[in-house]
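Each remark here refers to the structure printed beneath this line.
Every chain is named by a letter (A, B and C) in the order it is written, and numbering of its residues begins at 1.
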Amino acid sequence: MTPEDRGTLAREVDALRSGERDLTALGDAMHAAVRRLYPLCRSITGDGVRATLDVLAESLDLERHGVPSGTQAFDWTVPDEWNVRDAYVADRTGRRVVDFRRHNLHLVSYSAPVRATMTLDELRPHLHTLPDRPDWIPYRTTYYSRDWGFCLADAQLRAMDEGPYDVVVDTTLAPGELTYGELVLPGESTDEVLVSAHVCHPSLANDNLAGIAVATEVARTLAGLDRRRFTYRFLFAPGTIGSITWLSRNADVLPRIRHGLVLTGLGGPGSLVYKRTRRGMRDVDRAAAHVVTRRGGEVRDYSPYGYDERQYNAVGFDLPVGRLSRTPHGEYPEYHTSADDPSFVAPAELAEAHLAVLEVLDVLEDDACVTNLSPFGEPQLGKRGLYPATGGKQATDAVMAMLWVLAYSDGATSLLDVASVAGADFADLRRAAASLESAGLLAREQGLPRAPAGTLTAD
Amino acid sequence: MTPEDRGTLAREVDALRSGERDLTALGDAMHAAVRRLYPLCRSITGDGVRATLDVLAESLDLERHGVPSGTQAFDWTVPDEWNVRDAYVADRTGRRVVDFRRHNLHLVSYSAPVRATMTLDELRPHLHTLPDRPDWIPYRTTYYSRDWGFCLADAQLRAMDEGPYDVVVDTTLAPGELTYGELVLPGESTDEVLVSAHVCHPSLANDNLAGIAVATEVARTLAGLDRRRFTYRFLFAPGTIGSITWLSRNADVLPRIRHGLVLTGLGGPGSLVYKRTRRGMRDVDRAAAHVVTRRGGEVRDYSPYGYDERQYNAVGFDLPVGRLSRTPHGEYPEYHTSADDPSFVAPAELAEAHLAVLEVLDVLEDDACVTNLSPFGEPQLGKRGLYPATGGKQATDAVMAMLWVLAYSDGATSLLDVASVAGADFADLRRAAASLESAGLLAREQGLPRAPAGTLTAD
Amino acid sequence: MTPEDRGTLAREVDALRSGERDLTALGDAMHAAVRRLYPLCRSITGDGVRATLDVLAESLDLERHGVPSGTQAFDWTVPDEWNVRDAYVADRTGRRVVDFRRHNLHLVSYSAPVRATMTLDELRPHLHTLPDRPDWIPYRTTYYSRDWGFCLADAQLRAMDEGPYDVVVDTTLAPGELTYGELVLPGESTDEVLVSAHVCHPSLANDNLAGIAVATEVARTLAGLDRRRFTYRFLFAPGTIGSITWLSRNADVLPRIRHGLVLTGLGGPGSLVYKRTRRGMRDVDRAAAHVVTRRGGEVRDYSPYGYDERQYNAVGFDLPVGRLSRTPHGEYPEYHTSADDPSFVAPAELAEAHLAVLEVLDVLEDDACVTNLSPFGEPQLGKRGLYPATGGKQATDAVMAMLWVLAYSDGATSLLDVASVAGADFADLRRAAASLESAGLLAREQGLPRAPAGTLTAD
């Protein structure tokens, strides 16, 4: 790498891929973050979100925003803040047979306060289990309909007698705020890349502590660079109401967002899955499809069901935001149950996801139209020392990468275009282009010419 | 359905699909029509065509046109009118061994008059059989070359001795007229949909009494509606010379034809087969491909061999007319033989074909660009009562249909476009759009913006 | 065929396809040419190239060009001329254990002069064998790095003792010239078709005496025609440096090149393989894909590795030059070894390749937009005698070919376009179009309207 490459995303990607930088250690660090955040009781508002943002703020220069309950956000209204002091179902002896203190998932999120004595029959409509998975506690919410309930293992339920039971839901539902964290890393351009992870799920590891951990590590990496082409904006917000609230307060930012990624479910099993933007052929779609496909992952078309990509891609915003995950929500049995705990998330998967995100961003940062400066026939690589001294497949690949770049560098074709035609790896072509540039055979434009970003059609 | 939907094609389709309207009874009625029309001896001119149109006129306000023999129609000339009084081959005892009165197919259509006594050897060049299907009578014509002949079962032929035979073809070939029937159902727009069925085949049930029966039933349905977006034109004309003659007399109509369908072979075996227009991507192609594919049918590219779609699609007219059939001509052994009788046609197949035609027309009538009126993030469906009260797959599908419509309703995307992206059913999305419209979340344009129709380049 | 077709490429193709012209005899003649040229020691310069061009000049009006050593050609320089008087490795008894006189391949091409006595150990770095193919002599060159060496069968090497050996490389490497041959056959248009074959390989039959033999036979055929639409330019030049040198001296010609083919490896095993131009959808790509696909061959995308197509397609020239071969270089074990001798090349394969090249050129010469002069419905073919008198599949195919042409002849669609839609053979449609033209039903434009050719962006 050349000195001017130091401190760039390209250098970081190459260092992680070559083993110069320890990817395994990063995976372990991200897993430690997952374990640390796991016990906090997050919801779409409340102390758990703030405690989570406090942890992230230890390593990121995060700005915290509070939006008062009752604030209108397009079609939605910021709800009352919800907090939990205690919640349990106790038998006649005072033994807590279901106890929020043992597991956050035991309490239906946004349960309204209750103090009552009830028989099992009376209680049953408020109890949620998974008969097919008798040892797992399900995850349930009642955000927009005032109700209460407990979730428990079906085995627990079957062990309960007729009662009566003391039922206590000691929660508050009162005007407060919706909280989200935001980090902006300025780049050479005011054009922005948005990276978004939801922070509203309680003790669930893959959905979405994994996304939070990867987003945090990517943010740390980008913050440490000497140069960034784009401005990066990281958003840690509650799902749906959080992103819609953020969108409603940032009309000035939206036109600058050129690319975006929702990060979620990146630590569970399965290969990477990229979900396209609604339009399906934005720059981020091509970049992510390249990276994910080469990593053996899967690319799927947009559908209006999922995470916050639904809000960013809504026709009124039309932001080019795709989604990166592993096996998506609802397609693994542990989804939204107590089985989605830290042991369900693997350090190696977090590490690969981190590198894949950086590779996608590398394509976005470093893709450029290239111009062959010796375009009349093939230039003599040998007399310029561009034939590797050693032979073998690696050397042949390096020469072929140069030949592909030279063959298509007509000033209107980008390195990603060449990678697509050649079936080659973007980073390999980026390095080949750098060699050719050093030898005076190639000129590289700073970035692709771009169409104007979609503009917000109302404020 | 809302009151304003009453009397629309959409309502009719929904009623037939839900079972509210009895589709089976319609199939039986169409089969009865096939049986009634079967004995008439149709050809490209003559009494049989007029008798057929008389029957259709009992339930349709059909206008009958007669075009004199000798009239020029582009490269063609209306031929002399052909009628049959009698025709037979009788043995020495006077027994008719081949007798037109027993089956219309026994006489080659357009046979010239003959009275002669001939040995079998002399007769043989005028006899047509199907050795591979010894019990079936083939169907043969000699429209444009003066000749005569008989068709018979090969078993009949093999039973004939050396003769001599009395051969009588008591036909007239004399100036008269070419007859066709036409029905115009005015709509809100003067833009037209053309539905065409050929009426020149004698006792052949699938080819094309089935097409005639379905076209008639579709016409009856459309005539009974309170509102039609398009003007509908039904043409019952002899094949080739009939459609070319009609085209030559309607230069003013052609520019208004926005969509068209040739209906044929709709009662025989096999799934639906849609044959695209010559250009292949006209609106009717997309509409019919949607319907036929979802019904498990097949979509084929245009070829210049077939029925009257060849004339409508000729480069000088370039009309957007596709063709709907089941297993096409020449691909089933009964084709153009006496085995294509009413028992070859099934009421249930006629019924499904009728509904499929209505579904295609429903797409053409009701497809529209849609605009999301709450485009900034996903609107809250719950607070508007748009979440079905009951759960289950049907409810989920209804919500997903709304989400798909909302996600793509940017004012330039039509419901059929959304159906294509979503892999969803047009009628389901149409109903979802209606719900969203009622809730004030969606605006629906009256029809797609359209390119000007192809204009006739000569008169 | 009509009299005005005599002496056209169309007539030649039809005559070879029908058997009227003896294709087998042509294959034998081409194979004889391969055998005759095989013993000559070609390289990128020198007497062998000149001797080869002398043989070609016996039947072609070839112009020979010599470009002095040291001449700059874009990024390259014409090297010193290389010639061989003698070269051998002899043992102590004077017996030549490796002898250039026995096989041209024994001497590494461009070996510098040497006279030395060496042990086997000292000699070994200069000896090249194929241990996996112990009886074959490999082919090696050292054009741009001053060195020397011998190639031999691995069995030969294993039979050698420790020596010492007398090593003699009696070559000259001195200022001279690079030689290439060029033939221009003027046509009705100054637009050109370039056909290029490399002439720098010593005793290797498939690579590329086969290409030379086919190019020669194609040139002879074209020279014998009465009419040629295009001007044809045949280039017989050394690989890489030869084509680059030619390109550097013909800046005025390049804008006129509308189509081009590199011919190579056409006599070995395997079906035809067409390699697209860099842009991939030039006219020659469509024409060659049509011909090669119908012959059961394979069409591949461009890659920047191969023969002189790399130079013609370089971004500075951007010439529409594809490549026709059979199994390409490096994909058969005999490639670049003594096993690529005349027995590796089959007369029938040369013959088919010859016809395939003519068929491609026929598409380029004879493709034209067609206009239906009777476009209002299907014209009556019968009254014009266009229904073949005899029946059967051939007659049906001929009628269908006419129907396809009539159906799509809207003045903006070419015969190749129709062939593509119809899945039909271009030459069959060409003949159908000629029949329709004779009957006054079709007008044929002289060639397709064309976009301006790529212009040379520097001189």
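Going forward, a contact is a pair of C-beta atoms (placed from the backbone, for glycine too) under 8 Å apart; a residue touches a chain by one contact, two chains touch by 3 or more.
Chain by chain, the UniProt names read as follows: A, B, C = Aminopeptidase-like domain-containing protein.
Keep in mind that this is a model prediction, so the values were computed, not measured.
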item	value
Chain-level touch network, classified as line, ring, star, complete or other	complete
Same or different contact residues where chain C meets its copy chain B, judged by the half mark	different
Whole-Å gap separating chain B and chain C, where each centre is the average of the chain's CA atoms	54
Per-residue overlap in chain C, given as positions that touch at least 2 other chains	none
Contact footprint of chain B on chain A as seen in their complex	73-76, 144-145, 240, 243-244, 247-248, 278, 301-305, 310-311, 313-318, 457-458
Interfacial residue positions of chain A with respect to chain C in the complex	372, 374-380, 382-383, 400, 403-404, 406-410, 421-422
